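Structures incoming, each one as structure tokens.
In the two complexes below, chain A is the common chain; its partner is chain B in one and chain C in the other.
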Partner chain A sequence: MAEATILIEDLPVKDPNSKAKLITISGQLDESNVDTKAKEIYQLLETTQGKLSFIFDLAGLDYMNSKSIGYLTDWYGKITERGGKVLIAHAKPNIKDILQVVGLTQLIQMFESLDEAKTLILGATPQNVSAPAPGAQPAAPVPPQQTETFKLN
Partner chain B sequence: MFDNKILLISLSTLVTAIPVAIWAAIFFKHAKDSKLILLLVFILGSLTPWALLEIQELWVKFPQLDIPTLIETSIKQTSVMYMITFMFFGMMEEVIKHFAVRIIDKKTIAVKTVNDALRFSLLAALGFSFSENIYYLYNLWGEVSTAGIAGVYIFRSVFTMCAHMIFSGIFGYYFGISKFTIDITKQEELTGGRNTAAKMLSKIFNIPYQAAYKEKTILKGLFLAMGIHAVFNFLLQFNAVIPVMIIVILGYLFLRYLLKRKAGHLVLLTDISETKKSMLAKKDEDVVLELLGMWFQDKRYVDVIHVCERLLQRDPDNNVIKLFKEKALDKIEDKNTYKKILQTVFKGKEDISENDKNILTKYIEQKKA
Partner chain C sequence: MLMENQNEKPTKISITLPGNAYFMSGIRDFTLTLIKNTTNFAEKWAFRLQSVVDELCNNAIEYGSSENESILVTFIHKKEEYIEITVEDTGTGKHKTTAAEMNKLLEDRKNENYKFTGIRGRGLAKIVAEWTDEIEFTDKKEGGLTVRVRKYLKDPRYKSGLPESTPTHLVLNV
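Then we have the complex of A and B:
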């Protein structure tokens, strides 16, 4: 059974009606653990009211399976519905590559450092947002009714 | 003159060779494969009617295998008996022709694309038809008038020859498809499907699923060819020229339909011996393929097409990805979803990104072409 850990921290946001979370995922997200780990994020989505933003720190994530990509898309749909943002920081090249192929990098901004992502969430303009890889094409918009199909748990 | 056998055989061969030469010129002109292999297929095809005659000789030695006599003795009504016998021979012809293609492919491994299989089958049928027509014409000299011979010659050169090629073409299509069993079964596995007939064959003959799937595909083509040939022979017994023409045209349309689907499945035109290496790690690519399977099952065909386009930039020769893409396009086509995409997947025309427009435009342009 592969190991994966998810750490959730609050980020200080100036707007009292908004909340931001830093979600650090490390290890390998595969069939043996992805549903359990995803539940933690879904619980967070349910228990947190108002505008919510997520920064995923994927520096320690070595592998993510297709289901976890599905979950990520679903979370993106739910967060943006509520006016929040989803950002990814520190993703390893193979993870970036997968996300780019499935079109998620066109929906979710990727950052090379955590500070840049934090800056965006806190309201300032980031300096080094990673550009889409050459040849990448914009993803098809994911309407809410489509994101529902990713509820795999 | 009619006593000179050599002269009659030469004359029959000469006139029969005219339509054969025209067809052969077409096949050889467009062939990228070795001309020698094509010639071998044609020669083997032209030997198959003689093999059929040899089988009939065997029935004399082993009467327990003599199915035509069994039909003759079992069915009292002469007309029905003749009809069934002719249908049986039609099916036998398909079986024997298909062996010509399988034998050459087994020896040379020359069939790498559906087009190869199709060309081989057409040439085997042309060879068969060539020998059969020589045999028919030779037996007609002195028996019927010159006008009668001319009528038979024209009918056999045009309709019977075309019919043989169409029947074999249908088999050839499935034989070609069977070459891509690994990709097709992988794609089906990712979308959660397994073929019942292949599973049964696998259990009955205790062979791996993929081998069973391959045989199932080949047998499907063979049975279809045998079935249409049996109907063709059945109608011939009534001298019903119009229905015979209709069955030939229907067979052609069916073959065209199959080829149209194949044209959509561009993957099947790719030479599997010249594949480029993927730029993605296998583990990562498997993740995306799994995702494609999930989205395909969820009927998110537009998303599947998008991902396939990106994935093909990194792995241009992956047949499974191509199958996903073409099947997604087929699904869109089946339901005339262009309008549906605009109405359901996107909120409105203005919501379609430039890339979505590009893909849809490209698809529509392909359809028009």
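Then we have the complex of A and C:
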């Protein structure tokens, strides 16, 4: 049976009417454990009132199956209905790849670092955002990445 | 476990698993190791095919075989050409489906206007179909379903399984 752990922490937000949670998922989410683990998140959604945002720190997540992506999509819908944001930070390349192939990166913004995701939740401007695909509707406006061009004379 | 390996002949490995998800992490580890260590597929494709195997096995367990029955997973690797994976169930599951029903379900879900609204349903159309070059469903004479998928290493008709070329220099704007 695959092992997975979910840690939930409060994030300090300035807006007194909002709440934000850092959800750290590690291990492997598969058919043997995902239904049980998902209940922890649904319980959090039920017990937290008002505007709520989630940052998923996936640095320790090695595998996720299609059902866990289905749950993530459902949580995204529930959170955005309440005016909140869902962000993903630190995902490994294979996790980014599977989120991309199912189209979830068109909905959920991905960040290379946790600090960048936290910055967006706290209302400041992040850098190095992995922008959603064309046509996507990100949770918040994202400025274009600054690029440098070298020119030879 | 059955293994064949004679020069140019494909390598064939068959694994029988119980009809529950308990051992799925083991088959995923095996798939990753097999593809990384014995094929020339890029590491990215090892992870992708790991997901393909997991999704196919989950479907077989969920729909095709009861918990007391088993599923059969077979890997066939033709060096420098392809890897083929088949997953067979026994047709004893609570929600068994026919090959014709699976073909229709896949076609419906591959439609770009199809809306995935539930928790389930993305595995076959969004993962298995996207990351393989061939997919075929066959009804077994003795009951049950066989799903066969194949990914080519470098067939020009499909997305290459080889490592992507990585630029080693900057293109300067002059």
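Note that the second predicted complex is superposed on the first by the 130 of 153 C-alpha atoms of A that agree within 3 Å, B and C clash if a C-alpha of one lies under 4 Å from a C-alpha of the other, contacts with A are read in each partner's own complex, and residues count from 1 in each chain.
By our rule, a residue touches a chain if its C-beta (ideal position, glycine included) is under 8 Å from a C-beta of that chain, and two chains touch if they have at least 3 such contacts.
The structure presented is a predicted model; accordingly, all values stated were derived computationally and were not measured.
In the superposition on chain A, A:Q100 contacts chain B only, with no contact to chain C.
In the superposition on chain A, A:S53 makes contact with neither chain B nor chain C. In the superposition on chain A, no contact is made by A:T24 with either chain B or chain C. Residue overlap on chain A between its contacts with chain B in one complex and with chain C in the other: 63, 65-67, 69-70, 94, 97-98, 101-103, 149.
Interface residues of chain C, counted against chain A in their complex, comprise 21-22, 24-25, 28, 44, 47-48, 50-51, 54-55, 58, 61-62, 116, 118-123, 126-127, 130-131, 170, 172-174. Chain A makes touch with chain B in their complex at residues 63-67, 69-70, 94, 97-98, 100-103, 135-143, 146, 149. Considering their complex, residues 280-281, 283-284, 287-288, 290-291, 293-294, 298, 300, 302-303, 306-307, 309-311, 313-314, 345-347, 351, 353-356 of chain B touch chain A.
Those residues of chain A whose C-beta lies close enough to touch chain C in the complex are 1-2, 28, 30-32, 63, 65-67, 69-71, 73-74, 93-94, 97-98, 101-103, 149-152.
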